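In what comes next, chain A is part of two complexes: it sits with chain B in the first one and with chain C in the second one.
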Partner chain A sequence: MRTLSLCRAGAAVCAFALVLLLSGCWSRHELNELAIVVGLGIDKTDEGYKVTAQIVNPSQVSTRNGINATLAPVVTFTEDGRTVPEALRRMTNQSSKRLYFAHLRIVVFGERLARDGIAKPLDYLSRDAEMRNDFYLVVARESTPAEVLGIYSAMDPIPANNLYTKLYNSDTLWAATGQITLDRLTIDLSASGKSPALTGIEIAGNKVRGRTRFNNQGIAPSAVMEYRGMAVFVGDKMVGWLDADGTKALNYLQNSIHQTLGVQKCGENGKLSLAVMHSETRVRVARAGDMPVIHVHVRVESDLSDLECGMDFGKAEALESLRKEARKTLTQLFEHGIEEAQGMGADIFGFGLEVHRQQPALWHRIRDWNEVFRHVRVQVYPDLYVRKIGTIDKSVERMVKE
Partner chain B sequence: MAGPNPSSPNEEILEASLEANANRIMTALGKSSDVKQRAFKIRLADGSARSGSVLYTEGMSDIQTTMGKLLADPQLPLAQLTDPHAYLAALKESILTDANVVEVNRLAQIYSYLLTGHGIVLLDGANAALAVDSVKLQARQVEEPNVQSVVRGPREGFTEVLDWNTAMIRRRLKSPNLWMETRIIGKESQTRVVIAYMNGIVTSSVLDEVRRRMDRIEIDAILESNYIEQFIQDKQLTTFPTVFNTERPDVVSAHLLEGKVAILVDGTPFALVVPALFIQFFQSSEDYYQRTDFASLIRILRVIAFVLATLTPSLYIAVTTFHQELIPTTLLYNLASQREGVPFPAFMEGLLMEVTFEILREASVRMPKTIGQSISVVGTLVIGQAAVEAGLVTAGMVIVVSITAISNFVMPAFNMGISARILRFMLMGLGASFGLFGVFLGIILLVVHLCNLQSFGVPYMAPFAPLRLNDQKDALFRMPIPWMRLRPSTTKGGNRVRLRQRSGSRQQRR
Partner chain C sequence: MESSKDITHRAFTILAFFFMVGTSVLIVPAGLAEAAKQDSWLAAIVGIGLNVGFAALYVLLAERHAGRTLVQIGELLLGRWIGKLLGAFFASFCFVLASLMVGDMGYFLTSQILVDTPMEPLLIMFVCAIALTVRKGMKGFSYAAEIFFPWIVLLLVLFIIPMMPDFDGRRMMPFMEYGPVPILKGGVSFFAFQELVVLLMIYPSVKAGKGKGKGFLIGTALGGLVLILTTLGSIGVLGSDLTANHLYPAYTMAKNIKIGRFLERIEGIMIFIWICSIFVKITLTFHASLLAFSEALGVKDLRALLWPCAIGLVVMALLCYPNVFFIRKFLSTSWLPYASIFLVIMPLLYLMVSFFRGKTA
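Presenting the complex of A and B:
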């Protein structure tokens, strides 16, 4: 009995010892042996890729030293390679530490690469186990990724962090950008009824001065990294830029509005602003012969945030006329966006997916959806509700006159 | 007071001659200087005088009153007694007013009485003696318990005197069902050990097991209850205590009412309680003296503290050296910047700080109280600011070690804290070599080990494994006392009803 239990104990110990072989010290890295990569820039060269990595210099950003430190908060290294991983490995020639990607915040593609196709470098980003998929992907506009990642940022000492939070805030509050993460992008790329779109980033201001510490020494920064519009892709190749209104329309139509703000006409020559708090979009696909007809219902809830005309919200007709005007404004906005996308032959709204879902028989007869999309009729039916009109009912201008 | 039992029948008995008897006893005790002899003479009615002697141990007995009685002029009927045996019997029956007077004639008995503080009255011509209970111990008075102190609740704790301790329990449980068995353990120390239990409530299998294990003990001396604990505990190779100890009479009483067995040892204020469950070490007597909601929250807090004390350093090491992706990005920058210029790997850092803390803790227990103040100042500096500024360790690690150290002392039972301290080092090693994988492997092993433990036939992890729903009322949570109608199901076979449906006097627990 005793020997039996001893045998079993021995067997258990052996089993656990084997389990320990599954992992080991070789994956162990002390924090000071890691170069924390927060930004990655990828652009095309003739032979392969030019890769830029933005690496945090922890001692310059920690709370212990504050941000008054004399060294740059981040370091960027740029290296060429036939493939992205080759360029990154070659970067060890420059970096004293091992590159560590788990805290990557933003990936910037060059426009040249984007027009040439982003699928190939994406493979490495998706395949590497260390990469997470919660970073944003953007396209550099009128500059290279290396330039974008070399600009001192205002407020946040780490430029990549700055870009990350900036994109998040602008998308949730203004909706003229899109926060696209790796998983979202790969889904869009592999879907046949939707084209991807990535936000564009450009350097506004003095590029040369922006690269120096003096960028932030004035109160108004000499150069600011600014999001502008979205790059539209067909397949994995970029075909053009969508402007801010087009991007807004995109967010409305694909139902990804958190909050935004719209301005519309009011009365003869006045204006008013509506803060959109909630928006919901439903797509119905009908068919007319061999062509699908797409009906988009957008229901917008908003608060009045500014009134610059004589409208009096003490009267019920006021709201009615406001809604009428809003329907007109929104229709214009949407039609503008749809027109732009149709012009590029890129269904960034994902209408193709709805056609597939709602009219499968029709969908299977369509060969090239992007070509068909150019000529599809899209009807928009926006409707707007005003929830709050704020703390005053008449406009200040009118109170002044009276 | 119960006298010591004659352990081995030593057939050497007293002779008739006082001088011979006294000499024999004194010689047998090596003429020890603390054993004193007080000679006296009694004048009898016929004019003759009878010599006698009182033997006593200095510092353990007070024979002043006994001497007063003996030396007072004997009353007439007594003074006429010329037979020494009759005189001795008369002394016992009508003169000596002490509570406990026994006639003895075997030498072994005399030694045992003498050395427990009795006065031995020898009379010339009698081959017997009287053992007079004149025990007067110089002992620590009943004080507030040092280790297990409470904010609200009884302030008295056990002392080193067994009889006072049993009296403190008896005062709380005036039931005739509170039974106590005394046995003498220790060939040289002759220590009295009391097994106390509630007859009718106690689990008889546990009681039998306790008796059996106690009977097996053969040792020269019992100096503290831990001597007993180590003999009777179920498993030697474990860091977890399977015998509960307390210095609070209220705690012992409450456990007795739950059908447990208490073991009290003369000479130590710490009583043992068996069987002991894992969760019991997270319960304090105060849980029952404070409001229910608060008590439950505090118990949960203690479990959290135990987990913190065991796991924090290993998790920190594992996460910072293997799984940096788990750290929030901004925190990672800070931790990484702290690591700049620290020469040791995180594991060595942790080990350094933990060992330093253990040294400081041990030193603060052992060192004289007068220099304690200055050492604790030095200690705080060493463990805190200075070590960080000297670049030996990171500030993050100092925080981890401090939270570990503080959590460690949240446990009401000190010995469970010791367990956490030992396991911490094991888990740190696993975390440093295999990351979270290793830590979780360690946790799995620990859980298996814990579920494997038993205390006197009761599963250690009860009422969680095996799950007993009814006992959850007083495990991790403490339900209001009126809701706890039944005693825990570990009370097998005994009377389980704690309170009737409409009970006027609700029993106080623990």
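Presenting the complex of A and C:
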């Protein structure tokens, strides 16, 4: 009897001991104690880095209590540090909450940092357990990251979210930008035979007004954060900018087109637009002596988007001549992009990877691929197919004339 | 710990599966990619081939002396003293292995998820769970593994299928760039991380019959398939450089899982795969070490050893794992020679003696 009650007492003590565990675990962080960082800007200073964090102001984003228009939807803090993590820890001097990075959407590098090398700050981003790898990385153009992260955004109240979806949409629909995530970037950085490129972001419009909430009070925003071209890197150092056409060529040649649109001359002084719905690129590496020769086959499938000329596609020759013209335009686009990249000595297309994969023996004899790339012969063979013509047949212009 | 000889064949197959997958699925792609670069998947196949081959040898040995554990076989073949001595060495091997895995688990959890949590309480709780499981015996445990199995398979499917769009087969090229040597090297050191010989300690507790050895091999092959797919996936998704540089490439991939735009950030659920399989593997190994100790030292009741050894497990894990650099160096340089004493030399020696002296010995 006594042993039984002792046993019960023991069990009771154990049960109560479990209550101690209920207070939670070491690593718990309540939601109201976290500052959710959505944007991170990193630039170089003489001593180290200037880091800007854009943090969601939760009361301004939840719609339940109604939005108080006098408060900003996000807060940014800027802090210097010898390393990125040091600056972020020092930021606790400014932030009332603990910075939390799992919902990071965008990282903006300053151009100065980009030209100096992005590998060092990337280490922290890859090493830290809280960081995921689904955020985009971009380079600020003609402004600092702190400025970019300080602009009010139209439509989406959280600027970093705005930047994120904007990059996603512009890349999938227009292809003059590139959505580069941390793992894509580190893969490119560690590969010999492919140079990375990051999309550029600039502030278009009135920078000063853009920093205030008046930015969105007019129907046309005073300042808009706009993507423009891509920063080209050799190793981890930025060497120059690629314009919109160059970026398109890059997307075509590295086979990362989702959709885009091209304009084509048609007839005497008409134009037509072709929406590219699908593009497939194959790279074949041949060799001529000790040099690789790169053949790029690009197969583009497109739909007619608009027709501003009197062309009659009922005739087979019309379609044939359109395809011929389009091939010419694409060839020009590609060759222009390749020339630009070769001028910078940066193989952003990843042709080096293909040389490595297809001609390993030749690859091992090449010491500095980026130097060789400057002089490599690249042949492009674009081919265009027109599949659909939309919902009407003849051009409206022609209907008017008839 | 009843010596009830009724772990079913199916449960045993599943145990072998978990034993293969445990810990390896997390860390192995990194080591493979370091050795064999883009040919890691070939190295993984070599390693699995070795595993299945050796599993067949283990089955052969165990079936020749049915009803005896590895330690008892040693005693039977080499005489009481030598047998017991080797048995004690084997027990210590299992013990070190179990504590290394406890440390693995602790370092994984504290470096990926519970960053602020000190490791000790995690280890203590985990080892308590293991000790309680061992105390309740392997039969019930084998049923538990059976219950976990479909969930693990479901999670593995959920893990592997969303990777497919990101998979780029060209990352496997060029094929066999540095010839077969790094592939074989990678395969051999990969083999040393699946210490299947440990299963010979519970082999006698499995219901006798034809399906027993077959179950061992099937479980090994299935677990191996998961490892091959994970390696293939890490190379195709992350590329060999990134795979080699990540401590836990599989977890990194899990962070990328995205089904549509709504099912994201499910790596927290994926952790179940690793925690569950490592739990099964540690429990089996810890049980094997206790059993081997008790047989070598002539202790009748395992329970006398249970809690002291469990405490030892925590301490040993903390001792073995001073920091991540040390363990990476240890695993890449010292583990293969150490483990192959028990994985290769000991079973082969026993098998040779067994053939030499005849079945009855």
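Assume the second predicted complex is superposed on the first by the 373 of 402 C-alpha atoms of A that agree within 3 Å, B and C clash if a C-alpha of one lies under 4 Å from a C-alpha of the other, contacts with A are read in each partner's own complex, and residues count from 1 in each chain.
In this section, contacts are C-beta pairs under 8 Å (C-beta built on N, C-alpha and C of every residue); 3 or more make two chains touch, one makes a residue touch a chain.
Bear in mind that the values here come from a model prediction, so they are computed numbers and not experimental data.
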Next item on the list: Using the superposition on chain A described above, determine whether A:R132 touches chain B (first), chain C (second), both, or neither.
Entry: both
Notebook entry, point to check: Taking the superposition as given, does A:R357 touch the first partner, chain B, the second, chain C, both, or neither?
Noted result: second
Check: With the two structures laid over each other on chain A, which partner does A:H375 touch: chain B (first), chain C (second), both, or neither?
Finding: neither
Note to self: Just checking: does A:F16 make contact with chain B only, chain C only, both, or neither of them? Give me first, second, both or neither.
What the structure shows: first
Notebook entry, point to check: So, A:L34: does it touch chain B (first), chain C (second), both, or neither?
Noted result: first
Note to self: For A:Y100, using the defined touch cut-off, is the partner it touches chain B, chain C, both, or neither? Pick first, second, both or neither.
What the structure shows: first
Next item on the list: Counting touched residues of chain A, say whether chain B or chain C comes out ahead.
Entry: B
Next item on the list: Classify the contacts of A:K401 with the two partner chains as first (chain B alone), second (chain C alone), both, or neither.
Entry: neither
Check: Do chain B and chain C land on any of the same chain A residues, and which?
Finding: 25, 27, 102, 130, 132
Notebook entry, point to check: Which of the residues in chain A end up touching chain B in this complex?
Noted result: 16, 19-20, 22-25, 27-32, 34, 36, 38, 56, 58-65, 100, 102-103, 105, 130, 132, 158, 161
Margin query: Considering only the defined contacts, which chain C positions touch chain A in the complex?
Written below: 111-118, 121, 170, 173-174, 177, 238-239, 241-242, 245, 252, 255-256, 258, 264-265
Next item on the list: Give every residue of chain A touching chain C within the complex, in rising order.
Entry: 25-27, 102, 129-130, 132-134, 183, 186-187, 190-191, 353-354, 356-358, 360
Checklist line | Contact footprint of chain A on chain B as seen in their complex | finding: 320-322, 324-325, 329, 332-342, 345-346, 432-435, 437-438, 441, 445
